[in-house]
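Labels run A, B and C following the written order; every chain starts at residue 1.
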Amino acid sequence: MAVINLVGIRKSYGKRKKRMEVLHGIDVHVEKGEIFGLLGRNGAGKTTLIKVMAGLLIPDVAKGEVLGYDVMKEANKIRASVSLVAPTADVGVDPVLTVRQNLLFWATVYGIPSKEVDKSIDEVMEALELAKFEDTWAMEISAGTRQRLAIARALLVKHDLVFLDEPTVKLDMEAAKMIRNFIVDLRNRFGITFFMTTHLIEEAEEICDRVMIIDNGKVKAVGSVEELRNTFADGEEITIIGKFNALDVKRLEEMWKVEIIRVGEEFQLNFHVEDVDLRISAIIESVKKYGKIMDIKTKRLTLNDIFKKVTV
Amino acid sequence: MNELRAIFSFAWIEFKALKYYPSNLVLEIIKGYVTVFVWFFIAYFIQGFSSDSFKEFGGNYVSYVVFGVIFFQSSQAFLLTPFKSLSAAFWEKRLEIYATLSDGVQTYIYGEMLWNFLLKTMTMLLFIFTFIFIVKVDLIFPYSFINLTIVYLLLTCFSFGAGLIGASNFFFLEVKQGREPFTWTLGVLTQLFSGLYYPISLFPESVRWVSYMLPQSYAFDAVRRIAINGASFSNKNVMIDVIVLSAFAICSLIIGLKLFKRALSRAERTTGFSSLV
Amino acid sequence: MNDFVNELRAVWAFSKREMVIWASYRVNIWTWIIDVFINTSIFFLISLLVGHHLMGAYGTNYVSFVVIGLSIYYISYTNLGDPFPRVARIYWNGTMDLYMLSPLSYFTPVIGIMFRSVIDDYPRVGLAFLFGWFFFGASFTFRVPLYVILGVVLIGLSTFGIGMISASSFYLLNFKRGTEPVSFILQDVVIALVGGYYYPVNVLPQYLQILASFIPHTYALDLFRRALLPGASLTQPVLLLQYVLNFSPIVVDTLALALLSAVLFPLGFYLYYLGIQKARKEGTLTRWQ
């Protein structure tokens, strides 16, 4: 079931001569329970896209639904059914309220029934290791902890769709890992769909089921990391080091696209392939016939490589 | 010399900022006008009942109040400038950057004071001209101009000194926003006891000592005697006013500068110049 | 019904939050009590200049006259002056998006967040009466209670309506920094000058009296002074409209207030709604940090 199904999103800012189109007809399709990553450079249109999908921004043109609500006509219903974490930890966190008071306030704003308020707060505080700061003023906790508080605030109410705009931007590696685990756990337990933007490509690679890369308001690539690798895979490399007869090496050169480097008694064979996974066994089989393999290395295409490639 | 240049630079930045928000200046001037006009109408309304109380000041309550309010507005602005500037720079995270320079915070505050002095003096002249030449309030002008300027400068020096004392509470008392107690108390006492809206003679003898403790009482008394009665420095009352006001101005500047310096060293040793956690 | 209860719960949550924040600045509690005392003291001392002269159609003495002025000033200061800075605060600290992503109406956060000023300002009305009566010889009566109650409601609605018009200018006219012109022109210039907080409107030049005829404060002050000040006249006209219509001044006041409220209150909410819609188109709903 599609949680987000939008076609042809266009959005521009400014008037007349100063008009600038930020989104040039973007399609977004996200399934329930997916963790969907949105990658793009600064100014690519990520935040605008999130705001359009969350019903905060009226697009110039768009067709389709978010959580079954029409994006043009039922933005108020969309807004009431989604959560959002802004990229700055201080947003929605009141410095002179304690951590618990902050969450209590937002629980009421989100309309959580009185009986369930304490339970919801305890649950998110435990999951995000905030319990020990319960009675500390928000101004006295670190920026990283405040970011966790901001995430806890957004996850107080279990909406089916949560937008995260760079949720781990200010966190150290350990805290970022905790947030990622929490996101995956929530998805697994409650089937919540997460739509997140991030600058950390490794993060997207680690937890996102699918990613979309946008540049200058246009979709450059969309799919799982594996699918993107297959689509954009050229330039991957298999390196085999071994002892071979020089004539046999010549034969390999005729069979494969290979670069040969002689290192003393040994040869280093660099095979350029489109996809390591597809070719590696065939290459090993054919090399084995001509000598002794001492070492094999592969250089696979990372999401980072793909990102650089499509956003050039 | 370099420090002086830096002070001028800070004042210059404020002047440049006017270009981006020119309406703010206009609105501030209008607000000043409204305050003076509100008191003008109050005085105009009260005038008929009260002429006896103002014999000593030319018998004209409207002139008495209007002139007092104009001077009070400026002195109050100078009193609050150091704390306000410090607070703004602190919360906008600029203060820490200034603090990295040698005497940077002081230079910034002096620059802000200089800018406010120029701005308020200009607006004050505007008010005075309006009320003398357009509204035609009874005032002696321009013969009283030099004497008035001297009193104005003394009052300004006192206000800046007292403002620096208030600003040091930013670090001494950790009053980082809202109202700073020293300048607030001084402002309140001035409004009540300095004879701003009514002559001090209205108070019973037992209360008047509060008025005598306030330098503003002497300043307002002097400007009224000079501007309404046409008295000069040779007038006994004006002379006393000027001497006492000068003493206050010197003391407050010395104490203010010392305390502010101490406050900054305390900040260096303790909480620092930034709100960042 | 459930939605309405949730809105009320949210307003209560905002109020509690504002209360905690307010109480965290303890010095505030004392300074605002002292503020009211100082204000009434100043006018008491001025009233000593007036002596025992009656205030024309408003009877009694100058302190009592000014206590009514100060009370309306405090109410207006909150209702009219507060919505804009509150919207600005929500915008600048980036929370407007978050409030929009809750089931609350557009207006609840503004109303809720205003509670700080309600705590701050409304009790000042009581304090002004108390100080005036207890320390400074102000005296009051309580005639035509129905008109007084109506007057309180109507001045509340009309000033809040202007407050919401002022708040809407934040988005509609993009006044994001500096002084907001709507509340400035009305509250700080026109009303301060011609509303009649500290002097009766008829001391003003006639063109300012005409201007005063379009302000709810003029009628509220006239109504409350006639109803609450001993010796005040219920028949002698003071305001231009009272001369023109030539029937009971307090009825004129009430009708004028009702008319102004009927226009200003819905207009304020409608313009604020338009402002939010405009910001949703332009992407200026919040400062995304």
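Convention: contacts are C-beta pairs under 8 Å (C-beta built on N, C-alpha and C of every residue); 3 or more make two chains touch, one makes a residue touch a chain.
If you're wondering where the values come from, they're calculated on a predicted model, not measured in any experiment.
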Taking each chain's C-alpha mean as its centre, the one farthest from chain C: A
Chain occupying the most central position, where position means C-alpha average: C
Where chain A and chain B are represented by their mean Cα positions, the distance between them in whole Å: 57
Centroid spacing, where centroids are CA-atom means, of chain B and chain C in whole angstrom: 29
Intercentroid distance (Cα basis), chain C paired with chain A, Å: 50
Contacts with 2+ other chains: residues of chain B: none
Residue ranges of chain C in contact with chain A within the complex: 6, 9-10, 12-14, 16-17, 20-21, 24, 93-95, 97-104, 109, 277, 280-283, 285, 288-289
Touching residues on chain A, where the partner in the complex is chain C: 11, 13, 47-48, 51, 54-58, 75, 79-80, 82-84, 86-88, 90-92, 94, 96-97, 101, 104-105, 108-111, 114, 153
In the complex, chain C residues that touch chain B: 25, 27-28, 31, 34, 38, 41-42, 45-46, 48-51, 53, 62, 177-179, 181, 184, 188-189, 192-193, 198-200, 203-204
Complex interface listing, chain B residues touching chain C: 21, 23-24, 27-28, 30-31, 34-35, 37-38, 41-42, 44-46, 49-50, 53, 61, 175, 178-179, 181, 184, 188, 191-192, 197-198, 202
